[in-house]
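Shared chain: subunit A. Partners: subunit B in the first complex, subunit C in the second.
And then the complex of A and B:
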C-alpha cells in the first residue's frame, strides 16, 4: 500500500467515524437516557454524561407500562402494519405483474394513471378521505387504518420495474408445462423475485410503523391507536418525564430495528435490483 | 390460450390494486377538488354554496398560508441539496473497500427506522434552551465558549433551520442506501479505462461517477422533494407552526383548517394547491433531467 493510499484510507475512516458519532449520538442519548433516573436525564444532557448511564435503572420502563397500555399499542401497531404489508405485497405484486407482463385492454392508460397517483401523497387527500371513511362508518376501527393503504402506487411501480427485468424464458417454460397464469406467477415469478418483495415489505413496514397524521385524524381511543400516537400521551400530559419518553422510544423502535437488521441484506439487494436506484 | 382469456386474466390481476387506488386515492382527490369550490364549513349556519375560486383567492391573502408556502419552499431548497450531498458523501465513503463498512452503513441508516414522531420528541431535548441544552453545550464546546445559548425552537430565525437539521439527520441514510446501490452498479471497467488514460480521482468522479449516477441522483432528489413538501410531523410536535408562523407548512395549515377550525372547503383548497405545487416541481425536475441528457 502506498502512503497516498494509506492517507486516503485514514482520512476516510476519520470522516466516517466523525459522521457516525453525529448520526448515532441522538440515538445514544435516547437509549442511555431511558436507563437513567429521571432527575439526571435533563441535567446531564449538556455533558458527556448524557452518553454514560452510570447506574442502570429500569424504573422508566416500568413507568411506561404504568402510564399507557403499551401492550395494546404494540399489538395495534403490529397488527395494522402486518396487515398492510402482507395484503399490500399480494395486491401490488399482482398489479405490478399485470402491468409488466400481461396483455390486456387499458393497461397503458391505467399504468399512466398509477404513475400520476405516485406523486399524490396521503396528506393531499387526507381531508376528503376523512369524510369518506366517516361516511363508511369506519372511524375508530382497524379497518380504516388498513384498507386505504393496501393498494400503493409506489409498490406497484417497484414490482413493475423488477418484473420487467426478469427473463421471459422463465414464464414460457412454465406455460409450456400447462401452468395457468396465477400458477406461473406463484411458482415461477414469486420465488425468483425475493429481493423486490423484501424491499417493498421493508419500505412499507417503515412507513406504516411511523404513521401519525392519519390515525390522529380517524381514531380517538387507545383501543385501536398505534404506537406513534402514544408518544403524545407522554409529551402532552404532565408530568413531562424524559426518561419515560426515551424508554417508550426504545421499545417502539426495537421491533422495527430487528426487522431491518434481519432483512438488511435482502433490502439492499432489492434496492439494487428495483427501480429505486433510478 | 385464447386472446380473450389473456385480457380478463390481466385485468383481474390488477383489479384489487386498481380498485383500492380508485376508492381511496382518486375519488377523495376528485372530492377535494370539488369541495375547494364550495364554502363548506362544519357547524356553519350558511347554506352549502358554489363559490368559485373564492377559497383560493382568500388563501393567497392569508398570511399564515403564504408563510407556509414560503416555508415549504425554503425548507425544500435547503434540505434537498444538503441532504443529497451528505448522502452522496456517505455513499462515496462507503463505496471503498474498507473494513467495517457494513457496520457504518447500518449506523447511518439507523435514523431512518425511527418514526418521525419519536425523532421529533428526542430532538426537542437536543434543542433544549439554556446552557445545559445538548446542542447549546455542544456548540459552546466547539466555539470555545463563544456560543450564546439559544432557545432554538422558540426563536423565529432558528426554529425552521432546527427542523431542517432534524429532517436531514433522519432522511440522509435512506438516500445513502439508494445512492450506494447506484454506485455499485457502475461497471468497474469504466474506471479502469479511465485510469489507463491517466485520469485522476476528481476526473474519474466528474466524468464517470456523476454521469453514471445521474438517474439515481434525480430519482433520489425527486423523492426527497416530495417528502419535503409533505413536512408535517416535526412541525406538529416540535413547534406547532410557531413561533408566529415561522415553521408552519402547507400540510400543517391544511390540517389546522380542516380539523381544528372545521373549515373543510379551505382545507380542501390547500390540498389542491399542495398537489399542484408537487406536480409542478415534479414536471420541472423531469424537464431539467431530460434537457441535461441531450
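And then the complex of A and C:
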C-alpha cells in the first residue's frame, strides 16, 4: 500500500468515525441518562461525564410505570402497528401480484395512480381524512389508527417489482398442474417471496411505530393512545424529569431493535432482491 | 389416447405481433412431433396455445375430436416440461412430484404409488427428499419430466427441455426422452431450435419460420425432399447451400449457371427434366448439399472457387468458399480427406450435378 493510499483510507475512516460518533452520541446519552439518578442527569449534561453511567440505577424505569400507564401505551402501539403490518402484507401483496401478473382492464391507469400516491405525504391528506373518519364516528378508536394505513403504495410497489422478477414459468407450471389463481399465489408465490414480505413488514413497522401527527389529531383519551403521542404528553407532565423521559425513550426504541434483529437476515436479502437501496 | 389437431390457428398478440399464422398440424396418437425453427418462429407459441397458457386468436385446437379452445389448462389434461424446469424451489422432489396429484385430489396411496413409479422410471428414488437447488441440471430435468408423467396426461409438451444442459448430457438425455416417450407412448409435442435434436428425436418434424409452418414430414424426407429453400437451408448441419441462378436451353440440353460457369443438368437428377424445362430463362435458386461437391484435378474441375475459411472437425473438414457474381454469399463443402490447402487459394471443384436441387424464384422446390 502506498503512502498516498494509506492517507486516503485513513482520512475516510476518520470521517466515518466522526459521523458514527455524531449519530451514536444522542442514543448513548439517552441510554446512559436513563440509568442515572435524576440529580446527576442535568449536572453532568455539560461534560463528557454525560456518557459515563456511574452506578446502575433502574429507578427512572420504575418511575415511568408509576407515573403513566406505559403498559397500556406499549400495548396500543404494538397492537396498532401489528395490525397495520399484518393486514398490510396481505392487502398489498395481493395488490402487487394483481398489478404484476394479472391482465385486467384499467391496470396500467390504476398502477400509475398508485405510483402517484407514493409522493403524497400524510400531511397533505390529513385534514380531509380527518373529516372522513369523524363522519364515520371513528375518532378515539383503534380502527382509525389502523385502516387508513393498511393499503400502502410503497408496499404495493415493492411487492410488484419483486413478483415481476419471479420466473413466470413457476406460475404457469402450477396452472397446468391444476392450481387456481389464489392457490398458486398462496402455495407457490408466497413461500418464494419471503425476502419481500420481511422487507415490507419491517419498513411498515418502522413507519407505523413512529406515527405522531395522525394519533394527535384523532385521539384524545389515553385508552388508544400510542407511544409517540404518549412520550410527547409525558414530557409536558410535571415534574419535568429527564431521567424518566430517557427511560421512556429507551423502552420505546427497544421493540424496533428486536424486530429488526429478528428479521435482519431476510431484510437484507429483501433489500438486495427488490433492488431497494438501503 | 389422444390426437392433437391445430386447425387454421393464428395468434396475434396485443402489440400486433403475429406469432402464428394459419397453422395447420395434426399429431397422431402416441406420436413424437418436433417443432423446430429459429427463435421467434412461433414454435413455443404453438405449444403455449395448446397448453392453454395463451388464448387462440382465430382457428380451432382439438384433442381427439373435442375443441379445447375454451378449456382451462387443467381441464385439457396436458403436462409440460419447461426450459428452466420450473421446479417449485421450496418443495422437495417428492412434494414437487406430488403437487399435480394433490391438485387432482387423488387418494394418498395412489399418490404414493405414482410417485414411486415415476421415481423408479427416472432414477429419482434416492433424490426424493432433496430440494431442487441440491440437484444437478440433469437431475432437475428428470424431476421436471417426472412431474409431468405422474399425472398420466393425454398430451406431453416439452419446450426446449435440453437447452440448459451441457452438450454431453444433452445427447444422453435426448435418447432417454426418446425411449421414455416410446415406452409410455404419450402423444408428445417437442419444441427445439436445434435441428440435430429435431432430426434425431422426432417421428415427424414440423419446420417453422416467421409464424408459418414450412413443412412437416419424417426427418429423412425433410432432408431428401425439402419443400422450400428455408427447409433446405435449415435442415442438415451445415444446411444446404442455396444460391441464385438461371436456367438455359443449349444444344446439349438444359444448363444451369453456377459460379459463372454453365453446368449441364443431368437427365437422371433429382428433378423432373420436363418440369425444369418450363423454367428456362427464368431466375431460379439451386441447392447443393455440402457433400455434393468435391476436390478435383485442374483438368476435370467444373469450377474454381476461392477458399475463405476452414473448420477442422477431426473426422471431416468444412471448407468455406466465396462464390463470385453473388456478393456476400458463400458455400460450404464437406470433405473427408483434404489435400493441403491455404486460405485464399483457388480450389478446383467437381459438382455432382445429379445432386442439384432446384427452387423457383419464390423459393418453392421444383421436383
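Quick note on the criterion: the second predicted complex is superposed on the first by the 257 of 278 C-alpha atoms of A that agree within 3 Å, B and C clash if a C-alpha of one lies under 4 Å from a C-alpha of the other, contacts with A are read in each partner's own complex, and residues count from 1 in each chain.
Basically, a residue touches a chain if its C-beta (ideal position, glycine included) is under 8 Å from a C-beta of that chain, and two chains touch if they have at least 3 such contacts.
On a predicted model such as this, the values are computed, not experimentally measured, just so you know.
K.L.:
Kindly classify A:245 by the partners it touches after superposition: subunit B alone (first), subunit C alone (second), both, or neither?
P.N.:
A:245 contacts subunit B only, not subunit C.
K.L.:
Check whether A:169 is in contact with subunit B, with subunit C, with both or with neither, and answer first, second, both or neither.
P.N.:
A:169 contacts subunit C only, not subunit B.
K.L.:
In the superposed arrangement, does A:53 touch subunit B (first), subunit C (second), both or neither?
P.N.:
neither
K.L.:
With the two structures laid over each other on chain A, which partner does A:191 touch: subunit B (first), subunit C (second), both, or neither?
P.N.:
In the superposed model, A:191 contacts subunit C only, not subunit B.
K.L.:
Identify the residues of subunit A that lie in both the subunit B contact region and the subunit C contact region.
P.N.:
Residues 175, which sit in both footprints.
K.L.:
Write out the stretch or stretches of subunit C touching subunit A in their complex.
P.N.:
Interface residues on the subunit C side: 51-53, 73-74, 78-80, 82-84, 86, 88-90, 99-100, 103-104, 147, 151.
K.L.:
Which residues, counting only subunit A, touch subunit C once they are in their complex?
P.N.:
Residue positions touching the partner: 167, 169-170, 172-179, 188, 191-192.
K.L.:
Which residues of subunit A touch subunit B in the complex?
P.N.:
Residues of subunit A touching subunit B: 8-9, 12-13, 15-16, 19-20, 23-24, 26-27, 29-30, 33, 41-43, 45-47, 50, 91-92, 94-95, 97-99, 102-107, 110, 113-114, 117, 119-121, 123-132, 147-153, 156, 175, 181-182, 185, 206, 209-210, 212-213, 217, 227-229, 231-232, 234-235, 242, 245-246, 249, 252-253, 256-257, 260-261, 264, 267-268, 271-272, 275-278.
K.L.:
In their complex, what parts of subunit B are in touch with subunit A?
P.N.:
1, 6-11, 13-14, 16-21, 23-29, 31-32, 35, 89-90, 93-94, 96, 98, 104, 106-119, 121-123, 125-126, 128, 131-134, 136-137, 169, 173, 177-182, 184-185, 215-220, 226, 230, 232-233, 236-237, 251, 254-255, 258-259, 264, 267-268, 271, 274-275, 278-279, 282
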